[in-house]
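Here chain A shows up in two complexes: once beside chain B, once beside chain C.
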Partner chain A sequence: MSDLRSTATDTPAAGKASSDAPTEATAGADEPTATRRRTLLPSSTLLRHLLLLALGAVATVVILESTDPFTNSQLATLSYYAIAAGGLTVLTGMNGQISLGHGALMAVGAYTTALFLSAEEPLPLPLILLAAILVATAVGALVGVAAARLHGPYLAGATLALAVGLPGLAIYFHDWLGGEQGLRVRAPRAPEAFDSFISAVSGNSASNTKWLAYLGAICLLITYFLLANLVRSRIGRTWRAVRDQEVAAELAGINLGAWRVLAFTVSAAAAGLAGGVLALVVRLAAPSGFTLVLSLSLLTAIVIGGLGSLLGALLGSALLVFLPPFVTDLGSGWGLDNTEAAQLAPFVYGVVLIVAMIFAPAGFVGSIRMRWLTRQATRSAARSSRG
Partner chain B sequence: MQQFVNVTLTGLTEGMVYAAFALALVLIWRSTRIVNFAQGSMAAATAFIALALIQSGWSYWAALVVALVSGFVLGAVIERVVVRRVEGGPELNAVIVTLGLFVAIQAGIAIVFGSSFQSFPTPFGLQGFQVGDNRIAFTPTSLYVIVAVLITMGLLVALFRFTRVGLAMRASAFGQEVARLLGVRVGRMLTLGWGLAAVVGSLAGLLIAGGEFIYPAYMDSLIVFGFVAAVLGGLDSPIGAVVGGLILGLALSYVSGYVPRGSALVNVSALVILMVVLLVRPGGLFASSTARRA
Partner chain C sequence: MTVLAAATAASTLAACGGGGDDGGGGTSSGDSGSNEASDIGITETSIKLGAHFPLTGVAAPGYSEIPTGAQAYFDCLNEQGGVNGREIEYIYRDDAYNPTNTSQVVQQLVLEDEVFAIVGGLGTPTHSAVLDFLNSEGVPDLFVSSGSLLWGDDPETNPYTFGWQTDYTSEGKIIGDYIAENFPDAQVGLFLQDDDFGEDGEAGIREYIDDQIVAAERYTPGNTNVGPQIAALQAAGADFVVGFNVPSYTALSQLTALQLGYDPQWFYSNVGSDPTLVGNLLNNFSEGQVSDASLLDGALTTDYLPTVDEPDNPWVQEFQRIWDECGGEGELTNYRIYGMSQAYTTVQALQAAGQNPTRDGLVEAIETAGSEWEGPVLAPFRYSEDSHMGTAGMSISRVTGTTTEEVAPVQLTDIGDAEIEAYDGEPAEVPENGIPDEESVVD
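Let's look at the complex of A and B:
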């Protein structure tokens, strides 16, 4: 979200978030341009993120009220992709661990949600989503303990095995988890307050689709707010230290393994919430919804957007939602039949992954940020040579 | 007792295929320090080429040869055009590129050949041999699979042991700089290595397809099995890959043969085995050296 401005202002802003003492000194020693540039936004990271959260909430209402129901449901889809991608980008971009198993962790969240909602008297929805998060977090912590000792290809292979293996459990326990058909999800009805809110804001009628879109957006905003603060805090800095300089981090007294497990756990929590929202939006939790392609799509989203950037994860997820209809139409125009045209989207994902990694490994947001920083640096260099 | 024999024989046959696939992964890992997650999709692509040829009236053997040759070309081209650019870079980038290839090739197959299930022929029978009064679960096709994998392994050993090209390939895998100084065309050797690995992977894909149905994603679990087998053997050792493949084949066969509804648990068992190996012996059961871990 506020990530576009990250690296340049990192040191002073991050210091303040955790209310560590020596921040003022650092800020004072920093480039004078940095202080001058930040006059528009509050200097405290927390306040800045709260402001962005409020802006995001307003934008959500404006967007959801000015678009048709189909776009509303697309945006609901966007919200669960973006939640999962946000968690994954923190793991891969900030902590340098790759995971191809986030689809499976989403499945954990989705099945938990479906099971809790199938009760006679279901719990309130926030509690159910919380349960989905907790179960996915527990599974994630377990995987994270194993993952913390692996790196690169080993980690990719292990999480790949997770993505391929875990859905098999749903088939094995088919009395309980519904086998191949999966579990149908009864999405709870919107509360009355929501109806009156919508009619007060825009006068539109409040459909169930709209309710789910709002629900997804609320979860998305909360997740990104928490993740953005986490990334700017001591925890985020430690993760980056673990990623960039293993030896130096260890010498500084950082327990590498514990911090890697923490990153995986946080990321799994986001995936669990994403799975819960997915179950509500799709109204089904079935093994076919959590294929390897889902995990790889999430990876595509964060790679295109730029590893480690929440804004990038959001943009990448938007691509996952809005690109497939576009290329499918294109494919039909070229005379492909429906099933063939449907495969064009994964084909594009794959090509984009390769091209992005070869030509712009920093991703969309990262490349723009890099160019911007280079310009800043040139400008300040020019200024200092003059003065 | 008869069930035990049958389950064991099935496990050995499938283990040979996993071994071949793991061998393909190990070949690439040794030379370029990359785990080729696209191996399965590449093999599936060649299987579909073979199937298209067979359906248009070619014999199985001619189609097999064309498929293996196209596997070689595919592997060599991918190494030269795509993978060369991320070799030696951050390991995450290489992983992501092979995953991109994996998705793109799989989707490409579905676009060109369709995504429906199609039955793949086998040149030999699928009826078990008669032993005494019983038919055992060992078919002429199983025998063909085992012999084909053994021949391939023999050829690979011969290539690496007794030819100049094999020596040059081993040299460039062992120390690129030194090999280059001694006049080995390292780039060419890497391309050749990827081509050879793709041939072995394609063979595994064609063998496992025989008498079964194929669809664009049919190799997905084989990537996992091949990877698990390769890690069992240490990811660095060809012999380890073969032994790992056989162990994994037997283990998975016992799971699906003895656990009620165990076939749903095969993938999960592979995951469990992988986790246990990685946690207990991260270097694999047969790691040949600990000094050259990337």
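Let's look at the complex of A and C:
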């Protein structure tokens, strides 16, 4: 069976269709032609990703220790947006499914975390976050089964209903889930090892804000490491096949529905973890934190960053976190009053989105990668014509 | 010229150095006679205060006017020399009524802007998100703009947080008592927002007229169809409806009742009753078919502040002057009066905290002297070491056209089984320039 599939995907017809005509929008998702690329990174995917993980960990410590507490708290915010956006970019960029409901899946993770933490003697934090992932995964699998049968606008509509409807449950079961006011979360204190680690590394004091920022960063690094391995594996290739050429993929023996459900489930797991981190960082799980705006922000983040690229998801999330305060402060600097400055932020975000769509329709990462690919192609064409 | 500049720079440096040295232990420096940088957010010439409000999004209409009122008050105050020679620097940031944003902007205010205190942060779910943060950082969290019991009834857990407006339970009790006395035969229906707001209000009102209540209907914020709830109240035979709802649901309930031909006596709690805003909303929702708040004519409501429809009230006149001189565009509204009144109480607290206030000194000052402060708020505050609840009383008034007339004077109560009693104090006089003059109560 697997032989059949591999020969089928290797046939020129199916293979060519995706490599010759990479759709511009998902350029960020496609594996850069790894063949014949000069690089310092190891050729084994796992080793390469482990190296990047280690580099990411070092960079995290350097960044968190050299910035002020407020930037630390912004980075903690960035981490949960980026985790959710990473999951969503795998779903949308790799598998071609659109979801407007990831805010709701984050709510599932956040409420799970809040409920487990409110216990008399809460479980250790990693277990609680794991529970948040599992519950969100279960919900995601259920939604995924429905979503796998739908396409384009219908899928968007179904997941939109999720985003609008699910937070309403918190109000309906208000005795249990805290209603409109939500569940307050008391983030567990940092372990002592963390204090000594920080004082050994930089001599800074280990505040709770810093602890949450590290927690978010650790979750982010682990998520991205796992997702990066997944999309470079056979699973990722199958997802791309399902995205680009449904008929060819089906002829190759790929069960389209099952692979779509899998993509949705993986994506939901990331959203669940993001929700858990959000609950810890925000210290609250309330329905007004999981409005449609959250789901749409995630979608805009991955589109601006470059669909299908984890780096793009990270950049898009960074824009989401850092742009509004930056614009607001800029506005106040120009002599606008606080209200006008606050209204400037969504306006500028909208302008950035429009400009990005006009000049970089494949997003930051996608556009750069497209340009790079084009240059490679021109160069190799020139080389072959010379030769 | 160069020499002068250098000298100025040197003296500024010296001043900064001095301030830095005293930064830690400024608690006992109240009698030194000169201003010092006594705590975070306080310099010799300024006090930095922060706030979070919904300036954009669904909750912005109305609520976004509150900080503009406070800003106008602080601007006029600064022209008169500020508090003990320090200007108030007031920074308010937008949270769009989303707790996730609230958490971010309050961290920005505390960690980046380094404010001395947070003043008047708006909303129950939004402010809940920062309650633990502010109390664990030791940042005074004054006069939360919400009537939830969370802010005041547990000072041991939240020693830095203070309520300000009348809590919803006390409001419910006063409404219940009024109905029991003046409408003993009314069949009362309750129209409640399905959260703490509705729950606290219902608990208060049921203490007095539990046997008169024939139906209690709840709506979910965000669901704009209240047809089923209003029809259920009508079917239960309620001829007196008490609403614990936000302004948009006042408009929706009025329009729905009009469609159903249902005409009970309405009583809206303070939150949902601003005639101007409700009028605008009615106009919007009905696409121009109902052009003002005339539907509200005859409805009852509660007050804990003077309102713009009392042009003879000296406080309203003073606030009008402040708005004209220091305000921005637009008219003086009840929301701006709310912001100014909150700013007034804030200045009282800062004055009471002494010449060189500290964060802990500010809390101590409110606990010690806060219950004696007079001002635009109709009834006294309940501040003490055991309670951080805000004002305790309300008057009841009837909407007539776009104005209101008082039908019951100010009454006082408290949460729990406290009795309701008439308030015998006189309305406070307006001090010169609308600036209070409190004695320091902190050494």
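Couple of notes before you dig in:
Quick note on the criterion: the second predicted complex is superposed on the first by the 317 of 387 C-alpha atoms of A that agree within 3 Å, B and C clash if a C-alpha of one lies under 4 Å from a C-alpha of the other, contacts with A are read in each partner's own complex, and residues count from 1 in each chain.
Here, a contact is a pair of C-beta atoms (placed from the backbone, for glycine too) under 8 Å apart; a residue touches a chain by one contact, two chains touch by 3 or more.
Note that the structure is predicted; figures quoted are calculated from it, not measured.
Look at A:282: by the touch rule set out above, it reaches chain C but stays clear of chain B. Applying the stated contact rule after C-alpha superposition, one finds that A:357 touches chain B and leaves chain C untouched. Look at A:328: by the touch rule set out above, it reaches chain C but stays clear of chain B. Judged by the touch definition given at the top, the superposed model places A:346 against both chain B and chain C. Once the two complexes are overlaid on the shared chain, A:98 sits against chain B while remaining clear of chain C.
Of the two partner chains placed by the overlay, chain B and chain C both lie in contact with A:168. After overlaying the two complexes on the shared chain, residue contacts for A:218 are found with neither chain B nor chain C. Contacts of A:154 after superposition on the shared chain: chain B is touched, whereas chain C is not. Legend: residue contacts after superposition of the two complexes on their common chain; A:73 is shown touching chain C, with no touch to chain B.
Shared contact residues of chain A with chain B and chain C: 168, 171-172, 291, 293, 339, 343, 345-346.
Within the complex formed with chain B, the chain A residues making contact are 92, 96, 98, 100, 146, 149-154, 156-158, 160-162, 164-166, 168-169, 171-172, 291-293, 296, 299-300, 303, 336, 339-340, 343-347, 349-354, 357-358, 361.
The residues of chain B lying in touch with chain A in their complex are 29, 34-35, 37, 82, 85-86, 90-97, 99-108, 110-111, 114-115, 217, 220-221, 223-224, 227-228, 231, 235, 261, 264-271, 274-275, 278-279, 282, 294.
Touching chain C in their complex are the following residues of chain A: 68-70, 73-74, 77, 168, 171-172, 174, 179-182, 184, 186, 208-209, 278, 281-284, 286-289, 291, 293-294, 325, 328, 337-339, 342-343, 345-346. By the touch criterion given at the top, residues 55-56, 64, 67-68, 71, 91-94, 97-100, 103-105, 107-108, 111-112, 124-126, 128-133, 136, 148, 193-196, 220-222, 328 of chain C touch chain A in their complex.
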